[in-house]
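Letters are used for the chains, namely A, B, C and D, taken in the order the chains are written, and counting of residues starts over at 1 for each.
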Amino acid sequence: MDFSIIRIARTVLHVTNLQASREFYVNGLGMIETESDENHVYLRGLEEHSHHSLLLKKANAAHVEVLSYKVQKEQDLDELEKLFLSQGLKTKWLPKGQQHAVGRALRVHDNSGIPLEFYAEMEIVDRMLQRYDLYKGAKIQRIDHVNCAVPDVQKAYDFYTQQLGFSCSEYTETENGDLWAAWLFRKPTVHDHAFMSGPGPKLHHFAYSLSDRLSILDCCDVLASMGYAQSIERGPGRHGLSNAFFLYLRDPDGHRIELYTGDYLTTDPDLKPKKWDLNDPLRQTFWGHEAPDRWFNEASTFIDIETGEVIEYKQPVLAQRKPEIMV
Amino acid sequence: MDFSIIRIARTVLHVTNLQASREFYVNGLGMIETESDENHVYLRGLEEHSHHSLLLKKANAAHVEVLSYKVQKEQDLDELEKLFLSQGLKTKWLPKGQQHAVGRALRVHDNSGIPLEFYAEMEIVDRMLQRYDLYKGAKIQRIDHVNCAVPDVQKAYDFYTQQLGFSCSEYTETENGDLWAAWLFRKPTVHDHAFMSGPGPKLHHFAYSLSDRLSILDCCDVLASMGYAQSIERGPGRHGLSNAFFLYLRDPDGHRIELYTGDYLTTDPDLKPKKWDLNDPLRQTFWGHEAPDRWFNEASTFIDIETGEVIEYKQPVLAQRKPEIMV
Amino acid sequence: MDFSIIRIARTVLHVTNLQASREFYVNGLGMIETESDENHVYLRGLEEHSHHSLLLKKANAAHVEVLSYKVQKEQDLDELEKLFLSQGLKTKWLPKGQQHAVGRALRVHDNSGIPLEFYAEMEIVDRMLQRYDLYKGAKIQRIDHVNCAVPDVQKAYDFYTQQLGFSCSEYTETENGDLWAAWLFRKPTVHDHAFMSGPGPKLHHFAYSLSDRLSILDCCDVLASMGYAQSIERGPGRHGLSNAFFLYLRDPDGHRIELYTGDYLTTDPDLKPKKWDLNDPLRQTFWGHEAPDRWFNEASTFIDIETGEVIEYKQPVLAQRKPEIMV
Amino acid sequence: MDFSIIRIARTVLHVTNLQASREFYVNGLGMIETESDENHVYLRGLEEHSHHSLLLKKANAAHVEVLSYKVQKEQDLDELEKLFLSQGLKTKWLPKGQQHAVGRALRVHDNSGIPLEFYAEMEIVDRMLQRYDLYKGAKIQRIDHVNCAVPDVQKAYDFYTQQLGFSCSEYTETENGDLWAAWLFRKPTVHDHAFMSGPGPKLHHFAYSLSDRLSILDCCDVLASMGYAQSIERGPGRHGLSNAFFLYLRDPDGHRIELYTGDYLTTDPDLKPKKWDLNDPLRQTFWGHEAPDRWFNEASTFIDIETGEVIEYKQPVLAQRKPEIMV
């Protein structure tokens, strides 16, 4: 590979009510508002020195515009263009200056149809880690990962590990030995990008890393006292997979965000991926709780990098839609 | 009143497998085993200087023998006997020495049929609060309260507040203004004894106070790693009522125990009871989570203080069995 | 005794800069500002339903005006007046309405010269316990205790236990068996009022109860990011005595406040006071840290209930000024 | 560079009493004992899947044998040998099998005289992250960094950044603009290796990463209840530098270990090193606490990779020995 992807770097969401979203993400979750205008809100976590990791754009419908990766250097973008073109996948350049605070960017669709973006440069701002007087809500620290539902996890896995240089930390197989889900990483944590079998491509959730478990409990209390109790979808709980302590929320447009803390470092090249059986009751929630059906059935739609049209989803190639847990 | 009840002091449970129960309560929850013999295990929390607050007795079936209250002084027992006799309720004396580590005890049935016990004296042992090297599991601190399902909450409320000297901190009414549940206290916390409308008399749960929320999360992790994930019935979550952070567990015999932390002091005589509507979605769980049906439908049976026979339950006088939550 | 003292209820402090104090107590420590005017700020903790537990009054010099206790009922005030008069101690009535939000109040000097106040009634306001969106800083919950340096601890101990109905939870003796410090309570926690041997009468500190240890660490971070690092005098640490996790701060006028969490209930009448040796290195700080000299040498002065003049202090009757710790 | 160093991987300590050290590290700090024999104890953290990250060897005197780095692949060792030889530095091979559980290893002295070791292979064992039933003490997760006192920090900095491929996250300068300390990393955290100006080469401390702040408070409580209060040297507190929450302990032989949690990821190539002034009072301890003198004056000695003789230390080239903090 002649390029190096550093890490998942941002999510670009279309939301229908900027003010409602700002209230949720800034006052409820504790994100830092770097700046905003009539049609955009730029948000980051307390640890982040990049201008933003979440871009909210005012729109008529709630979709996901793109998932963005930071790469090592400018030339990596040209190498990535070659790769995607060689695979017959769509690409599109956004010159520096077209997107506020972002350098030259390459947008593509991956082999599942997911709209991705790559850039080397984003404006640097102050890390607010020691501005404890600004901490509130979940005290969100930094973007951790995205999780996509795709109809063929094996196909996505092959592309990301063989073509894009991702490694696998953990994965889930059905009883037949088919790959049902995979956790893939570039930065040395459990994942930057996970894939689950399901109607897709869809964004199941994007996730932020917190500094501890209590930040998740505090966030539930704050959301409830602000009248957002119904935004709490699943958790708090402990994942078997990744070991992270988690909470899933639905934002005012229904986009799902995970608050996540307590996975492990994956620096070592001799680390072996950890296998889980889909029906292992400890896999999803180490404490044995089942996820609600809507956690499996609902996800955000992507739009095309050129036309802006909604990307149609396909049914998954594997029959099993969710774990069968017999307690 | 010519007596003073101090606080809820112990629960006496019949369990079918002493070894399984010990494993759950001592290694899973972190209780201190004061002592034990072939047929008894005596347990206490880290803060408790009383010999035990949970007595497990080996038996053929899982029932609740009695709920015990500590009173101010020996003479209070005689006054209590007079009161129960005057109300036509059953009483029975257990002389000092009949129960290990316990002084003279008066057993009665209250006006819902619940077997209660009163004593002034229990053997004093070391408080283990600063033996942090022994902390494990939920690091259980002290007994907090018991919660009973009864068919007529108003009747129980009247007896406990007018005859036994309890105060009410919070209560729940149906849409018709009927009393559906009440939280009553002698020690100045939110409750020693709660009553909920339901088939009864039954012990819905007994509860221990912990020092913080993380002790509850730690306990979930420990139980899951010991293979007890299925014992986690409801939570962790935050109660609207009482404000406590909670977890409900089922012990190996199905007895329900609540781990509880974060309520408030009720010392002030001018404190007004707080009213909740039964259908308020924040009442049970401030974060909006619904309790599972079995949390409403299952509870432990009591036995008669004289015959040891199971006490038959009666259907509740109020029609509504559980909250209707429309999210 | 024909009266019943409920609990320590408020501290009335003279401060030289109301705005600086408000910034410290409200934004730094997270107290709720019930109301304020040009010369007063009324503050309470998140759990408190009383109008205030800390009253800051603008003044030319930083002194302590009075320490206030809540009593059971109005008549208790008359009984208390009789007691103090019978002991030849100064008393003074403040009719209802003279102090904002407070009913009829009796002010006295105790037998160490400390200005005390008793009242049965204070205006009731909303408990903010579930307004988690307002939590900040140390998330102060409720007033816990006051601690006074007095020249003769035994004399103060005798008066509070024999005349005022306080019980002792823990105490400290010198090698000679003299009483060097005592922790006395009315509400069933470790203390409402502690006495330490030292030049006095002085207010060593007043203390607020928090819900957990992390609130103390959060407070240190918030204070440091606000520029208040120099206000952190001692801790965070664990007391041997009382078992509480603590932090001592100095407010902008030098008044000392303790943040305190994790002691135990003292409801049981058969609880035996716990004795500590003054030179036991685990007594003050269970982790073995020494307190800085200024923690022993500095304290706030009281003023006379009638003249408003500073009360002169006397040297202690015991020779030992602080523990000798040999590590 | 034709090699890639992955991360700091272990510390090899000589200790005088294996049993005392095991008690401290296993029961006090919560490390996992992978295995041990008469002369060795092999320890790891709960997250670690490498056989050990701390090797204790029985010896007559307490020294540090070597600090070990894991490299990407076997050939990297040969490239590293070339580098050290080209610089005129001592090297020594330990064939696979000579050290239990470790592959072929290259030992060297760096340009400050510090004994380093490089290996690509260490035996893989189970990660115990989800064995919550084994968590105790500080619940140590993984090795984080080592910190060495050296007489010439600029010289060490140049060698590690220019020859070994380390990056700098934060650094400290004197008023004259001289480099007084530097935090250097290979794995994307704040550091693998820090250098401070002082008599050296000496190991100031080695550090383990924990999952949260409470693990540090819990550890203080556990150590105190085991009789180890005097092992707590500094903290708990918050570093300005790195933002980590910390505790410094002295093990039974006086080796210093830091418990560390809460720094940030350093994945981005465009991250700028953060500069601190040596006399900034928030640098060392964000809360303004001073470190005790012995924290500056005491450190562990290294031994020669060939002779085993103690390495003599040299006085630092910079005059300032510690920060001057004026509060």
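Convention: a residue touches a chain if its C-beta (ideal position, glycine included) is under 8 Å from a C-beta of that chain, and two chains touch if they have at least 3 such contacts.
Because the structure is a prediction, the values reported are computed rather than measured.
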Message = Quick check on the interfaces: B-D is repeated by which of A-C, C-D or A-D, going by over half of contact pairs matching?
response = A-C
Inquiry  = On a CA-centroid basis, which chain has its centre farthest from chain A's?
reply    = C
Request  = List the centre-to-centre spacing of chain A and chain B in whole Å, with centres computed as mean CA coordinates.
outcome  = 44
Remark   = Distance between the CA centroids of chain B and chain C (whole Å) is 34
Request  = Find the geometric centre of each of chain A and chain C from their Cα atoms only, then give the gap between the two centres in Å, rounded to an integer.
outcome  = 50
Ask   = Can you list the residues of chain B that touch 2 or more other chains?
value = 130, 213-214, 221, 224, 286
Ask   = Which residues of chain C touch chain A in the complex?
value = 27, 130-136, 214, 218, 221-222, 224-226
Sites on chain D touched by chain C in the complex = 213-214, 217, 220-221, 223-224, 229-230, 232, 236-238, 245, 281-282, 286-289, 327
Remark   = The chain A residues in contact with chain D across the complex are 6-7, 47, 49-50, 70, 72-73, 121, 124, 127, 129-130, 141-142, 187-188, 211-214, 240, 243, 262, 264-265, 267-272, 286
